[in-house]
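Given below, in the form of structure tokens, are the structures.
The two complexes that follow have subunit A in common; it is paired with subunit B in the first and with subunit C in the second.
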Partner chain A sequence: MERQNTVWRIALLAPPLSVFAVFVIWPLFSSFIYSLTNWNGFGSDYDFVGLDNFAKIFTDKLFMSAAINTTIWMVAAIVVPTLFGLGLALLLDGKVPGGRAFKTVFYLPICLSAVIVGQIWIWIYQPDWGLLNTVLSNITGEKMRYAWLAKPDTALGSVILAWSWQQTGLSMVIYLAGLTAIPEDLLEVCEIEGAKLWQRIVFVVLPLLTPSTVVVIALSVINSLKGFDILYIMTGGGPFNSSDTLAMHMYNESFRKYLMGYGSAISVVLFLIALTIIGIYFRQLKKVDRIYG
Partner chain B sequence: MFSITRRSLMLAALLASAAGGANPTFAQSGDVTISHYFTGELGLKAFNEQVEKFEQATGVKMKESPVGHEDFKTDILVRAAGHSLPDVFSYWAGARVDFIVKSSSLRPIDNMWASEKLDSVVAKPIADSATLYDGKRFLVPFNYHYAGLFYNKKVLADAGMAAPPATWDEFIALCKTLKKKGVAPVALGSKNRWPAQFWFDYLLLRTAGPDYRAKLMKGEASYDDPEVVAAMSLWKDLLDQGFFVENANADDWTDAADKVARGDAAMTLMGTWITGYWNGVGLVPGEDYDFFPFPEIKDGVPNAAVGPVDGLVISANAANPEGAEKFLAFMMSNADVQAKWAEAQGALSANVNVDPKTYNSVMQGAAKTVAEAEAFAFNYDLATTPPVAEVGLSMFTRFIDDPSKLDEILKAVAVDAKTAFKQ
Partner chain C sequence: MANPSVVRRFNPWRGAIFAMLLALAILFLLPTVGVLLASVKTTREIALGSLWSFPSAFYLGNFIEVLANPAVHRYFLNTLLVTVPGTLASTALGVLAGYVFAKLPFRGSNMLFLVLVAGMFFPPQVILVPLFRLFNRMGLIDTLWPVFIVHTALGIPICTLLMRNFFATVPTALREAAILEGASEWQVLTRVVLPLSLPALAVLATLQFTWIWNDFLWPLIFTQSDDKRTIMIGIVNLKGQYSVAWGVQGALSLVASLPTLFVFLFFQRYFIKGMTMGAVKG
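And then the complex of A and B:
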């Protein structure tokens, strides 16, 4: 019986494991191999150049600016959707007139693909007739024609805002779920004891929402590292590389400049960064588990 | 993590195709596999019609996979890496073909060229510039485009233009008149960078000449040379005088074309494919719009025309090279096929036997201009190697954003281009 089980287990696990090996393990491994070569992506002749590609990263101005942009993106991803999601969840928790409709409205963007979200926001940011400039013109009384996505100072921020708009719904839903787990009598006791609303939120609700915050931040960090699609649609890393992230930079080097070896080196570095962040995060997670688990 | 996954997927695709390396195409023997980027509504239909004619004439079956223009650049790279290139594919003549020839991914077609007597079919300037790489022929030029100043006829008539400006001074005077009338003289949609390159191409060609430009494209000259500074300074002068539309970096080329069509701007420097776009939205060539060549700037500089050449190439490991050669020869030599195709694409045929009367009046003008030009030059991103083109294309948008930084930009680009040439 036991032996038969083992056979079955292997038989059943083989297909997913082989898919995993072919589509995840092997590509990861070959990325690393390519990163040691000067392969251009075409043809079959290339030389092993050792760690040259990795050395080049340190002198690559575009890599450095992309790394800074990725950091900005990650910090914004942790702060903006988390705060907005929490705010919305607190507002919409409990009996709010039309609460369900609001929840749906705020959650909907997460169902849209990045291509659609990107296109909607391209229209919002359009300099001549876009919503943003129209609203600003009405407020200030002066004709605004600022090209949000075409100016190096605002391109990255504008994309991040669009991306945050999409991500907020997800944070909100996770926080709403967290809020339902807080016992109502606990809050009632606080109210009877004379705690003001802000005191109840800061000293009771927020600490009890820590597990939700853990999930929200984890998802935000992971989603921000994959912040490629919406950027590709909205600015393509432009104008003149000002909104490049590491993922975008890797794409440019590999597929626009045909430097597949160097592009692979960037992807290896990006992989190590992601691994480090996730490693640190899991360690922190364990601590949280010990407290709240 | 997404980036890793994305990459993984690509490499997995490579792996999967490498596994089938012994028999890279799944087509039946005798079929010819083909991939191309003619996916626009007009283009795809017309292409399929011509392919059908070929199949009927020869009995060879074609297996097609069209891929969108921008995606094609990545797609073909992935397929090459996996040794699963189609037998035939469309490609942009110039640095891109040169690049894959150097990677031994293409099959020379000298024998076919000779036996089909293509020398007497292909226009000589195109044959000279587009088909020869490392002394061998690799590409059949399927059609070509020409970049000129396409304008709204009514707007320029209102501004009192009797004849197109032939010299730089006349051009500046025209721009001044337009500006006074409250019309932006020049529309430019440089969001995707490449539309800006034609300005650099022509300004450099008209001041420093084709020989200097060829040197710059090969890395034998530097971006901080006086020649480049002079050309860019003319451009800066235009920008400083406010002759370009505001926020050009926010528009793509169709936005710029729309601005000219609506009369918000007077003209745009664009390839002949703009005629296909305008005709598609109901504008009448010769009535609503026309073009004039980029004006002369300096005496004694050979008059060059700029544009891309779309070609068909055969991959080195083609499963059916004979069928592939038959296809290339048919598509090039058959004047009827070429005429139909050029009309649908808003392109010019490289076949000298195509009757110019089959073109509309604007395209006839373009064909005449190219025929009279002393040289034909590929546009920037097809003339220089891809890593350098990336540097240059970003430079143009940066310069348009803030022309006052010209000197600083050129210095930085000179260094970056030198590094990129070494790669």
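And then the complex of A and C:
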């Protein structure tokens, strides 16, 4: 019996594991090797240049600004949709009239692609007749012609807003699921004991939502690290690299300048950042599991 | 079932909540409505500065132009050619791995499962250069093969995770009973467990279909000639061609979103249930 189980385990696991190994794990390790070379992407030969590519990172001004932008992008891309999603979930929890329709409206942007979302928001930020300037003109009475995506001060923030618009629905759905798991009796007791609305939210609901928060933040981190498409569409990392992120910088060095060795070094750094975050995440997950099991 | 309602219980002002939600919903819908409105206006009307107002006449020319464009047909066909097989293949592989992790655990299987699931977290840029070289050597650059293969491989973690979580809810007694009756493991999987898994499969199919359909990075890297591009790259390419025809762009965006919106609306019920199953209990 046990031997038969082993045969089945191997038979069933072999296809998924081999595909995963060849097209994900192996390239992952190869990236480390390429990061030590000066490969240009086409020739079959290259030289090992040791840690030169990594040394170059420290003198590359564009890398430094991309690292700062990535930090801003990640923090904002985690905080903003999470808070919006939590707020919406709290408002929608319970029998609000039209609740289903509201949920669909807030969830819909998630179904759109980064290309479409980028396209929509390019129209909103368009200097001449874009929605944002039109609304601002009507409020201030002066003709606004601000080019939101073409100004270094506002480019990154504008993309973050578009990104938040798309991602909010996802955290809302997860928080809504978390809210249904909170027993009503508990809230009633708190109410009878005289806890105010904000006290109940801050001291009872939010702590009980911790497992949902863990999931929301994990998804936000994953999605924001991958957040390349929407930046590529909306600003291409510009103007003057003001919205350049590490993912964008890696693409430019590898596939525009054909410095695949250097590009690989950047991707290795990106990988190490991801690994650190995953490590922290799994540690937190264990803690949450122990408490809320 | 206790169905608590945090705000409702706390809050006497339900009307205020409704008004607030309504205002937020309108704000949220504005961007999409803008595209809808633009898609039924003539280029002239938009150029006169009324992109965000109601159209003076309901104009379908933009949709006709998009749907009659042979390049658009090609983009759609290419996208289907990677999306459908990619969805099927990644789901099938996830079923196999998920079944073992849920019903045939072995020493170290939890560790292996974690490693596999960790694959979900990595930025795709990390494997981009080696994959480019691999597919280049195989002579597959500028074909649809690499896009299909990469989506299949990268879909394995999420598919395994969701299928394992679902299979864990299927009673083990069912499997044991079937085995005692003389069924093989394969028969248990395909005849007992899979028919019970349709909701989970629907969720996965929706997720994978949407994800592959909407993807931009992989076709951008692995395809080059216009007749190998997928719809999301196509939109960006056509944008140049129609650089002032915002109505056509709006129509194109809409048409390109229809398949995923359709799949989402069709599977919505399963989708939200399954998502939260995977997310909260995972």
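In this section, the second predicted complex is superposed on the first by the 292 of 293 C-alpha atoms of A that agree within 3 Å, B and C clash if a C-alpha of one lies under 4 Å from a C-alpha of the other, contacts with A are read in each partner's own complex, and residues count from 1 in each chain.
By our rule, a contact is a pair of C-beta atoms (placed from the backbone, for glycine too) under 8 Å apart; a residue touches a chain by one contact, two chains touch by 3 or more.
Since this is a predicted model, take the numbers as computed values, not measurements.
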Subunit B versus subunit C as contact partner of A:T180, first or second or both or neither: second
Contacts of A:S30 with subunit B and subunit C, given as first, second, both or neither: both
First (subunit B), second (subunit C), both or neither touched by A:L270: both
First (subunit B), second (subunit C), both or neither touched by A:V80: neither
First, second, both or neither for A:R145, with subunit B first and subunit C second: first
Which of subunit B and subunit C A:V159 touches, first, second, both or neither: neither
Which of subunit B and subunit C A:M250 touches, first, second, both or neither: both
Touched partner set for A:F228, first subunit B, second subunit C, both or neither: both
Winner by number of subunit A residues touched, once subunit B and subunit C are compared: C
Touched partner set for A:W121, first subunit B, second subunit C, both or neither: second
Subunit B/subunit C common contact set on subunit A: 22-24, 26-28, 30-31, 41, 126, 128, 222, 225-226, 228-229, 247, 250-251, 255, 260, 264, 267, 270-271, 274
Touching residues (chain side subunit B, partner subunit A) in the complex: 1-12, 15-16, 73-74, 77, 80-81, 83, 99-100, 102-105, 191-193, 246-247, 249-250, 386-387, 390, 394-395, 397-398, 401, 420, 423
For the subunit A and subunit C complex, residues of the former touching the latter: 4-6, 8-9, 12-13, 15-17, 19-20, 22-24, 26-28, 30-31, 34, 39, 41, 88, 90-98, 101-102, 104-106, 108-109, 111-116, 119-121, 123-124, 126, 128-131, 134, 165, 173-174, 176-185, 187-188, 191, 197, 200-201, 205, 211-212, 215, 218-219, 221-222, 225-226, 228-229, 232-233, 247, 250-251, 254-255, 260, 263-264, 266-268, 270-271, 274, 277-278, 281-282
Partner subunit A, residues of subunit C touching it in the complex: 2-11, 14, 17-18, 20-21, 24-25, 28-32, 34-35, 38, 49-52, 93-94, 96-97, 99-100, 104, 106, 114, 116, 118-134, 149-150, 152-154, 156-157, 160, 185-186, 189, 210, 213-217, 221, 232, 235-236, 239, 246, 249, 253, 256-257, 260-261, 264, 268, 272, 275-276, 279-280, 282
Residues on subunit A engaged by subunit B in the complex (per definition of touch): 22-24, 26-28, 30-31, 40-45, 126-128, 145, 147, 149-152, 222, 225-229, 236, 238-241, 246-247, 250-252, 255-260, 264, 267, 270-271, 274
